[in-house]
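Each structure below appears as structure tokens.
Each of the next two complexes has chain A plus one more chain, namely chain B in the first and chain C in the second.
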Partner chain A sequence: MSAADFLNLFIAAVLLAGVYAAMSVGMTIIYGVMKIVNLAHAGFLMLGAYFVFEAYDRFKIDPLLGVLLAFPVFFFIGMGVHWLLVRRIATSDQPTLTSLLLLFGVWLVLQNLGYLIWGNSDRAILTPRTLSSIEIGPISFPTIRLAVFVVAVASLVGLEFVLHKTWFGRSVRALMQNKEAGQIVGVNVNRTAQIAFGVGIAFAGAAGGLLAMLYSFNPDFGATFQLRAFVIIVLGGLESFGGVAVGSLILALAETFVILILPASYQPAIAFSLLVVALIVLPEGIAGLWAKRRRWA
Partner chain B sequence: MGVKEGGNVGGSSVSRFVSVVVPLLLLAGLAAVPFVGTGPNVIRLLFMTLTLVTASVGWNLIGGFAGQISFGFAVFYGLGAYTTALSINGGIPPFSAFLLGAIVAAVASLLIGLPTFRLKGPYFAIATIGVSEAVRVVMMNVPFTGGASGYRIIDKARFVQSHHYYTALVLAVLAVVISILVRRSKLGLALIAIREDQDAASDLGVNPFVAKLIVHALAAALAAAAGGVYARYSLFIDPDGVFAFRNGIAILLMPIIGGIGTIWGPVIGAFVYGIIHEEVVANFPQAHLLIFGSLLILIILFEPGGVVGLFQKFMRTVRARSSVGSHS
Partner chain C sequence: MFNSCVHRLLQRSKALLHVLAIAVIVLVLVSPAWGQDEIKIGVIMPITGREAKPGQYQREGIELAIKQINDGGGILIKSRGKKLPIKEVFYDDGSDQSRSAGMAERAMSSDGVVAVIGGYSTALGEAESVMPDRYQTPWITPGAGATSTFSRGYEYVFGTLSPIDLLGYTTAQYLGNLVDKGKLSKGLKIALALENTDHGVEYGHGIDNWNKEHPGYFNVVFSEKFELGATDFSGLLQKVKNSHADIFLADAHLQDYITMHRQYIQSGMYHQMVSYGARGPEADARKALGAATDYIFAGIWWSSKLAYPQVKKFNDDYQAFTGHPPDSWYPATAYDAMRVLAVAIEHAGSLDKTAIRDQLRKTELKNSILPGQVVRFGKNGQIQGSFVIVQNKPDDKVDIVFPLDAATGESVAPKPKAH
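Right, the complex of A and B next:
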């Protein structure tokens, strides 16, 4: 393998990691605030893909603009789902059976609504951008991947800004660190949870739209990405935003470079293998590793 | 999750009598089915339902008693099916083949349990979602079972439908007996303590890690035996059939519909699921998981005890009415 090939693969992995981070961050924020593993994430990824597809197909809205539109639309869908279902179940400092099963039910409903509405044939979003590529010397990569990467990173920067500069962001971070202490200093838990759920779903929908520009999709689309998002947040220690970035990069690198040693058909098993390794080697994720360092220092 | 205990509803001798006699009557009815001339299609439906009962009762051991939700029981079902198929083709008698399948699945269950049961939190549930996809992908690609194109079983014995039916019936009864024994054993108490509060359980001298590993292996073995019985009946299996994620979903839905954490809930749930599934799939092939998903949401929000929970509520109301009546 030449240095140029290596660099090409590396750039592909980094570009992929951006989308992976956008896809996983919604799950982290919901887990952090409510201690709920959002098993319906896959369903919203899939709905996001079809949202962007339909916007392009019917109203000729540019897919990148469609992704931006997905943020507010899915934010309100998420708030609605929280109001209708999620707020009715008890939460604790560990994910409860009830929450896992409820959101699993939501996933089943969304996925099969998808089958009813769009059938089971594969769709793809094809724009003039899809096939063009940028070449810098020996390195080349598709324009669409760069565009998707830029949107994903911009949305993450926006989220970071919200989390650090607004009252909602402070409430979210307070609840992630210590729920009781947060309540004592006056954080409205229910309100924050509802908005956090909305934000989590908004990121799921938008990330689904981004993924739909890279891959073809059908109503079963989200499942494999949901597993990847789990792996990423476990690598990142479940409730750390920095951990999500590192976890995304690790998974994207592993998936990109593994084609050098294994046939591509094994690729879907990579995420799971990485999960098992992560659980054995670093049960508290990478963030846990840092915490341990700090304790030793 | 307000899981109520099954059995011992009122503690009166009448209800104890009913809880022994009704299952025995049902069993006698099921055993008589091949003699009443219902036709092969009804027997096929009941055969499938009985294999589902076995898997569902197995799932309930780990999911219901110990409160560890698994989305990946398709792995054990599939491993049981494939091990049985390979063994039968290798000349091993069917019952030893089922046993081999159960052993392989029990070993596989340790591979999932060892990394995840040490940790508190959602790791086990998450890992089980990944494992069925990973195993399915591997099985699609391994050459010695024919990969994605599936695997054919050459059973030397003549095909007699009622033999298969009675195998499934005996296995289902065995599963229920194991479930009752586990529930009444010290292990069963330990599992319920773990479900309610793992920290408190380990303070009282329960080893949650070991208890969960044991019951997970037992549950996996039952699901695998069910898969093996199915494989021997269908004579052809492929990864998309037996390892499909939707099988894992079905095995999880049945105990929840019937009543999670109870003895009879998973049995009732399997019959409800088996019959609804047959009707709904025939009429709305795309909508059946939509219906089951909605049902799951409704059960979780309104009656976490499932059919058994509803029945207990109904009995309490009746008893309250009748006791008011006797006092007046």
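Right, the complex of A and C next:
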């Protein structure tokens, strides 16, 4: 394999990591604040894909703009779902069976809603960008993957800004670190949880829109990505956004480069092997490793 | 005294009535076909999940055949001395193997069907195929073509889809024909990317078999399996690139075909000929990939362009029935599965499942819409019909390019570099 091929493959892996990070971050926010594993994540990924598809198909809204529109729309949908269902679950420091069952039920409802509205056809978004590439010498950047990566990174940077520079962000971080202490210093737990759930769903919807530009989809869409999101957030350390970014990169690099040595049919096994390794070697994920290093320093 | 006698008699009568009622219920449950004025046929298809689209098309093919048979009064059952209409009992397996097997069991054990048509996709068909012999109920699959399904000595299992290894064999035969015609050079290198299912494995075997019989035509320089529903094919495609093959042959389901071919185009790859097995001419794929599907060729079990009068009639009837033209081969094998079953039931002259099975072994459907115009089950229960090779052309045109006597257009080989 030439150096150019290696570089092209590396770029493909980094671009894939951007997609993985975008689809995982929503799950991390919700887990971090509420200790809920959002099993309906795949359902919102699917709805996000259809949202961007419909915006493009009916109103000729560019899919990238559609992704930006998905943020506020899914934010309010998430707030609504929280108000209607999630707030009724008893709060806990650990994921509860009730929350798992509730959100699994929500996923099934969303899936069936998808079938009701859009039927079972496979949809895909085809724009002039879909199949084009930007060539810089022997290096090739698939335009749509690059665009998806840029939007994904921009939204992660935006989230980091919100988390560090706004009162809401500080509230979220406070609840992620220590809920009781957050309450003592005046954080409104319920309100923050509702907004955090909205933000998590907004990221899921937007990520679904990004995925719709890369893959064909139907109402079953999202399950494969949800499994990868689990691996990434466990690898990243469950509540760490930096960990999610690094976890996404590790998974994408592993999936892309291990295939060069092993048969491609082992690709799903790579994700699950990483999950097992993470649980045994790094039970607190990459974020835990950083924390340990800081303590030793 | 009198009162107590009457009371005892009444009690006994009540008990007798209860026993009789239970006996009737049991009789009805145990022999659901008994006394029925209809022929119940179970239809198990995925109309949700990843196989929803082809499953829906197959269902439409079956329902069109049922409608036409019922419009003609039904099937003549000699033992009843009259024609009985077909009643479809439909099950959606949700593209899930265990559900598919469960539905087959339910249809055959408790819903009183005389036969089942089901199993779109090899994986779902495999799951259902263990039930027919257990419940001694004929089962015809119009969508599972892997030979493994038919190689276990089952006696109630039939299929209207020719074997997948024949698909691989015909694909290689077509490419060999292009070499003979001077369109491709001899000794070209082939890269194979096969889905990790029986379907993929048998497709590869078919190509290998033809190559062994015709040495010197092609060299398979790369062959690897990939998992269904993968999110990224960069690594696999890089290996294909590294093999420096001239021809790229994959065997993939629709979603994987779309994802893989998008990445193939984005990475600027080119091969003289490209195929994704039985995928290629589907409308959904052309919507998702646009002109990037031009010149891809596919081996399929049927084409709406076959120049048989019964195919033209089928196209018109299907359009009128569903409101859309046939998309690829899916409804055709299902349509003929229902028709050959109807002929077998009529020949059996009763709703006895074993008699129907025996007739299926002997029956020939002579005005079949499938290539060759005859449906006849082989010893293993699977038909051995021929495939047609189609090639996508610009402006959504699709031509049959092989076998030559059925061709509607010339092969474009090697495919232009822009594609």
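In the analysis below, the second predicted complex is superposed on the first by the 287 of 297 C-alpha atoms of A that agree within 3 Å, B and C clash if a C-alpha of one lies under 4 Å from a C-alpha of the other, contacts with A are read in each partner's own complex, and residues count from 1 in each chain.
Everything that follows uses one rule, which is that a contact is a pair of C-beta atoms (placed from the backbone, for glycine too) under 8 Å apart; a residue touches a chain by one contact, two chains touch by 3 or more.
The structure presented is a predicted model; accordingly, all values stated were derived computationally and were not measured.
Asks: On chain A, do chain B and chain C fit together or clash when superposed?
Replies: With chain A aligned, chain B runs into chain C, so clash.
Asks: Touch check for A:224: first (chain B), second (chain C), both, or neither?
Replies: Both partners, chain B and chain C.
Asks: Touch check for A:212: first (chain B), second (chain C), both, or neither?
Replies: A:212 contacts neither chain B nor chain C.
Asks: Identify the partner contact of A:115: answer first if only chain B is touched, second if only chain C is, both if each is, neither if none is.
Replies: both
Asks: On the A-aligned overlay, A:187 touches which partner chain: chain B = first, chain C = second, or both, or neither?
Replies: In the superposition, A:187 touches no partner, neither chain B nor chain C.
Asks: Per the contact definition in the header, classify A:47: touching chain B only (first), chain C only (second), both, or neither.
Replies: In the superposition, A:47 contacts neither chain B nor chain C.
Asks: Name the contact category of A:13: first (chain B only), second (chain C only), both, or neither.
Replies: second
Asks: So, A:98: does it touch chain B (first), chain C (second), both, or neither?
Replies: In the superposed model, A:98 contacts chain B only, not chain C.
Asks: Mind working out whether A:268 is in touch with chain B, chain C, both or neither, as first, second, both or neither?
Replies: After superposing on A, A:268 lies in contact with both chain B and chain C.
Asks: For A:29, decide between first (touching chain B), second (touching chain C), both and neither.
Replies: neither
Asks: Just which bits of chain A does chain B share with chain C as contact spots?
Replies: 115, 120, 224, 263, 265-266, 268
Asks: Once bound in the complex, which stretches of chain A touch chain C?
Replies: Interface residues on the chain A side: 1, 5, 8-9, 12-13, 16, 115, 120-124, 126, 130-133, 135, 140, 142-145, 214-216, 218-220, 224-225, 228, 252, 255-260, 263-268.
Asks: Going by the contact rule set out above, which residues of chain B touch chain A in the complex?
Replies: On the chain B side, the touching residues are 1, 67, 69, 71, 115-116, 118-123, 125-127, 129-131, 133-134, 137-138, 140-141, 245, 249, 256, 286-290, 292-297, 300-301, 304.
Asks: Applying the document's contact rule, which stretches of chain C touch chain A when the two form their complex?
Replies: Touching chain A: residues 47-50, 52-53, 55-56, 95, 193, 196, 224-227, 229-236, 238-239, 241-242, 254-255, 258-259, 262-263, 265-268, 284, 287-290, 292 of chain C.
Asks: Please output the residues of chain A touching chain B within their complex, sorted ascending.
Replies: 37, 39, 85, 88-89, 94-98, 100-102, 104-109, 111-113, 115-116, 120, 223-224, 226-227, 230-231, 234, 238, 263, 265-266, 268-269, 271-273, 275-276, 279-280, 283
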